[in-house]
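You will see subunit A twice below: alongside subunit B first, and alongside subunit C after that.
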Partner chain A sequence: MSAKEEKSKFDVTTHKFVPKHIKLSEEDKLKLLEKYNITDNQLPKIIKSDPAIQHLAANVGDVIKIIRKSPTIGETEYFRLVANV
Partner chain B sequence: METVYKRIDTITFSLLSPQQIKKMAHAKVVTAELYDKEGYPVDGGLMDIRLGVIDPGLRCRTCSGKLKECLGHFGYIELARPVVHIKFAKILHMLLQTTCSECSRILLSDEDILKYSQKLQTLTDLGRKKEIERLNKLVRTNSKGIKKCPHCKTKQIIDKFEKPSNYMEDNKRISPIEVRARMEKIQDPDLRLLGINPDVARPEWMVITIFPIPPVTMRPSITLESGERSEDDLTHKLSDIVRINQRLFENINAGAPEIIVEDLWDLLQYHITTFFDNNIAQVPPARHRSGQPLKTITDRIKSKEGRFRHNLAGKRVNFAARTVISPDPKIEFNEVGVPKEISMELTVPERVTEWNIEWLREFVKNGPKVYPGANYVIVDEVKKKRITQETQELILEELEPGQIVERHLIDGDVSIFNRQPSLHRMSIMCHKIRVLPGKSFRMNPSVCNPYNADFDGDEMNLHIPQTEESRAEAEILMEVETQIISPKHGLNIIGCIDDSITGNYLLTQKGNTLTKQEAMNLLIGVGVFNTEKLKKLKNIVTGKEVFAALLPDDFNSIGNSKACKKCKECKRKNCEHDSYVLVEKGNLKTGVIDSSTIGKGNGTILRDVHRLYNEKQAVDLYGKLFKLGIAYLLKRGFTITTSDADVPTNVRTKAKAAIKDSIKGVDDIIAKYKQNKIKAFSSKTVDETVELMIMQKLNETRNKVGEMISNSSSDTNNAMIMSTAGAKGNILNLAQTAMLVGQQSLRGERICKGYKDRTLSLFGKKDLGPEAKGFVRHSYKRGLNPIEFFFHAMTGRDSLMDTALRTPKSGYLYRRLANALQDLRVEYDYTVRDANKTIVQFTYGDDNIDISKSENGTINVKKIVAEVLEEK
Partner chain C sequence: MTDALVKEYQVKGIPITLLKVASEESARKKLTAKQTKKVFQKLEDKYMFAKIHPGEAIGVITAESFGEPGTQMTLRTFHFAGVAEVNVTLGLPRLIELFDARKLPSTPLMEIYLKKPYSKDEKYLEKIISKIAAVGLSNILSEIAINLLKSTIEFKLNKKRMRELGIKEEVVIKTIKESPKGTEVTPKNDRYVVTPKNQDGGLPVVYLLKEKIKAIKIKGIKGIEQVLPKKVGTEIMLIASGSNLKEVLEIDEVDGTRTISNNIFEVEKILGIEAARHAIMEEAETVIKEQGLDIDIRHIMFMADLMTTHGTIKGITRSGITSEKESVLARASFETPIKHLINASITGETDYLNSVVENVMLNQPIPLGTGLPGLVTKLKGKKK
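Up next, the complex of A and B:
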């Protein structure tokens, strides 16, 4: 095994600074878009090759829910649209 | 001038085609001459009056408009040989690289072209602009470096770009004619794949054949006092172009040798290049005879002095003044002292009505030279009369309602006061005018903070709004009282400072009493004329009662003094430090007033007054508090002396022992290190660990000494009074002056620069001892020894350099940040969005708290509950 492959084995999702990433169902995505009255392009983006979403097998157009720690309120939800570069 | 009322829907930027240039041109320029012997513009010259007029009296031959009516018209010249447009040289190179030199198709197979075209079509239908860009880029990279054309099978030679505007094929130059010929052959669909819209920008137009001559009106000449004419830089450049073009024509027609033609061609290329941009790396800038570079088109547009940042984003205004500022604690926060000279120059337009005509007549009578007078009277829409000795009588006679008098500034006029850099909204506030003698702007020292001003030579700007609307807007939105609470943290940015805090602190100290007469003098002095309040005073008045006389009768507030030790269980009213500040029904029951109750940034009493009453009342109270503090200090007398830094002998010996102790402690650490007995902290080396341990030990000492001094000092120590009140200085300053300056550090480390392995040559190598690494064990008062002095100067110089270098850097950083964030806003659904309505945050700050309405970013629920319960 090459050094590069060895490195890629590290699972970033286990790191304490990587927040939880969850793929939204199509239904939930539509609900979200309706809630904010937006098209999916108006969401913040996440690159498809982002290490934190590799385990989700997300495709372009999916929406990822991110549960983050927030200094002001404890835990918050954030949504990002999977996009190409 | 004609006015057109139309709404702009879209703007398309495109290239000018030779046909378009010819179509919009009104004259063909054929000679580089400007004027004939009589000084009249030559026909077919660069100042041809068909291109517009810049002389009064002449009429444009194209539109027959006079000066200022005619906006100018383009002309053109035909170039003898085509020339590359410098701004498109890179794009041309890209096109040469990606297309075949023979058939001018993209160097991609038919299948690939089909594949990409379909993708482009779908993306265009969807309107995905960014993805289209990405596709274009992909096509461009994929079609570069292909050895053989997939269409006509010609072998491809890689084109090299020789800056600024030459293209080489196997060391042979491709002439602009050849470039243009190749560009002409590229098909429209291929261009679209490469990211060029052929409808508005055919690539052959990037090679200039017909050159547009800009109108005379955008390059006016100026007549010097000597009667000589001085032409604009652009005109100079254009005459170069026309002249060389003419010569090139003649040489070609005369059948001159190819070398001469080539040389002239290159010269033409040079002139046209510098006409567009005179700052290109490989091109020597064209210069005046004096050696100063010509300002050509790019210079007019680009950077700080360019059209955008200089003329469009920033404009100069009338009715503004600028001078040095100086403090005046006797004027109110929302006032600004204006020199009489300035007040006679800046004016306020006031419309004459039957009610104020007598009043305004006085101003006109005084004229421009007597204060308060008037400079102009606007009689009707067109006539504006200056008041002079000759005109004064007539104007006075004719003065009637409906006219406008531009009168001098008087007390109470509305003005806008500003200090650069205007980093936040408190950098520009509305102040009321106070006309004062002297030549500087006077301001209350309490508003230094929002402006970030001091009086070491700072200058500030003053503007006088000229319409009723602007005055109203300034008063309602920008008055100092509306800016007391800073939007960045919800705390008061304006508060008592320096002496006024010391004064209030001394006044409200436990056990401080005044006679009735003294109290009355103080209160009336600061402007308390409420007899009800004064009647309440007894023969012996406590300082707290004097202070409370300023507060509203129904005012309640709870807070803590700076001295609060944050005990686990607050003893409240029985606090031994007198740090539980309790105001009940306008009476200061307990607690001493200091910077945490009336200071800037935290002043709880100030904020409570601001919250519970209106802004006018808050400003009024601020002003009185400020004056009370100063008045009391003036009455009592206050100073600072060298003996404030004296330390009792017993404390001195104790502190000295502590210092010695810690030095010994350091020696122990070093000894242990030498015996390899130190265990490294995690993620640190042993050496770093030792450093950390030593630094900790030494810093501990300084704090310990500071504590000793603060515990031992008497209540009459002026430096201590100021530091406990929070007015100026802290314990550390006192400790440094009295006992121990302490460790000098560079970038968070002990000093390690200088010689190899040592700071100065008199130390042994790798000496880790305190003295060798910049520990100053003496005090400022006793004096530093030469070595200590050297180390101290080192850190002093370093911090000086640091501030000098950091300011411009952080300023630019801030500018970029502010520009990037400027159009983010919280929408009605509580999301933060940018100008495209793209979501940036789903809930503002995750907690939806409006910082400007919170206290330091949080909402104090306990306080609100307490207040509500109290009221019931």
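Up next, the complex of A and C:
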């Protein structure tokens, strides 16, 4: 099927399972890494072609901030590094 | 009054939901400012006390939390959920399937929600279901046979069934002609004769073609076998056996914000890794709840996080998260030790003994709990 060429009518970000994804600025990224005293490779990963970050136009090396709804404490922040594969 | 307090404690890292409850309760009980402050102080103490300490072996706690109730789960695979006669895998087999990250669940299932006017009235149902449920050619055949002498296939359509499903004869014939390209379909009396494209193949080719024709999809969405309506509160939703999230989401009547599949890989592909994490959590929780067991959501969250840290779903198997471990000895201690040790020695890997298992093997203190921190001492007489 030629589904790939056709633009999907459905907006992935509206789905209730998809939390909000925000691209961190370079400055915020450094602040984050400094706060936890880690290198960016130690962060969990998100694949560059992930459907939920297509609208952000993120590149490999960017950090995505994810605001999740948590069943225990309401809202949490999670960070993922954009990576290939 | 409490807003300032909430902000103050939020900066300290106390979750906002807890603070909200505290401030609401204090307001309801009409506490004085001093008492409210005390409540918040107590809340902070309790929260800090409940926090997991650095170096605590949470993996082991999670494993035990799943392991013990797991022994009480049903081993029986199949279960008919409710009135809707949809076959679902539940209990231990489903949990194993989920955490092993099998590519295809043994009973794929979709929960399809509908948009506002369609979810309230039953009169739309038939039309929507016929849009979703796949109808193969074999569903509308009354006869199919191979003519051995002429090496052709003859079939007869079930006209009554076609009328019920609203399928036109021309459409069927056209689909067959297109599916294996160059196939000829000619009417003969009340039936149709299919002639294969290359006549030299003989009977095996004709036989294969027959099977191929039977599997042709005439209508609906590929992969969805059966669609049943279900009433949830005042709303009507659909349960579909079989799964094709991508195409179902494209249907106009479907509420794409809630529709979900139980195939976690499909969720990952269509909605992304975070949605897959959520799906793993939901699936695991429903299995556990359905069995009447109670495992803290934090353990399930931890498992889901673990499976999705690498950007794709990795199962708790030797090919999944275990293969991502840095230490050779840790990998070898799980499954297929010889393979790992041989491969590591060929490629010349180094084991830095940073983790638990390899240190247990070597009879050394493990980096967990009190074994985690190192000591820094100032040597005597060496003043700055």
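Rule of thumb we're sticking to: the second predicted complex is superposed on the first by the 77 of 85 C-alpha atoms of A that agree within 3 Å, B and C clash if a C-alpha of one lies under 4 Å from a C-alpha of the other, contacts with A are read in each partner's own complex, and residues count from 1 in each chain.
The definition used in the following text is that a residue touches a chain if its C-beta (ideal position, glycine included) is under 8 Å from a C-beta of that chain, and two chains touch if they have at least 3 such contacts.
Nothing here was measured: the structure is a model prediction, and the numbers come from that model.
Novice: Please indicate which partner A:Phe10 is in contact with in the superposed arrangement: first for subunit B, second for subunit C, both, or neither.
Specialist: second
Novice: Thinking of the overlay built on chain A, is A:Asp50 touched by subunit B (first), by subunit C (second), by both, or by neither?
Specialist: second
Novice: Of the partners subunit B and subunit C, which touch A:Gln42 in the superposed model: first, second, both, neither?
Specialist: First partner only, subunit B.
Novice: Classify the contacts of A:Ile66 with the two partner chains as first (subunit B alone), second (subunit C alone), both, or neither.
Specialist: second
Novice: Going by the touch definition up top, name the partner, subunit B or subunit C, that contacts more of subunit A.
Specialist: Looking at subunit A, the partner in contact with more of its residues is C.
Novice: Looking at A:Glu77, would you say it contacts subunit B, subunit C, both, or neither? Reply first, second, both or neither.
Specialist: Touch status of A:Glu77: first partner only.
Novice: Just to be sure I follow: which residues of subunit A are touched by subunit B in one complex and then by subunit C in the other one?
Specialist: Shared contact residues on subunit A (touching subunit B in one complex, subunit C in the other): 44, 70, 72-73, 85.
Novice: Any idea which subunit A residues touch subunit C in the complex?
Specialist: Listed in rising order, the residues of subunit A that touch subunit C are 3, 8-12, 14-19, 21, 44-47, 50-53, 66, 68, 70-75, 80, 83, 85.
Novice: Quick one: which bits of subunit C touch subunit A in the complex? Just the residue numbers, please.
Specialist: Residues 15-18, 246, 249-250, 256-258, 260, 267, 269-275, 278-279, 297-298, 301, 305, 308-312.
Novice: Can you list the residues on subunit B that touch subunit A in the complex?
Specialist: So the residues of subunit B in touch with subunit A come to 131, 134, 829, 831, 833, 836-840, 842-843, 845-847, 849, 857.
Novice: Under the definition above, what is the set of subunit A residues touching subunit B in their complex?
Specialist: Subunit A residues touching subunit B: 36-38, 41-44, 70, 72-73, 76-79, 84-85.
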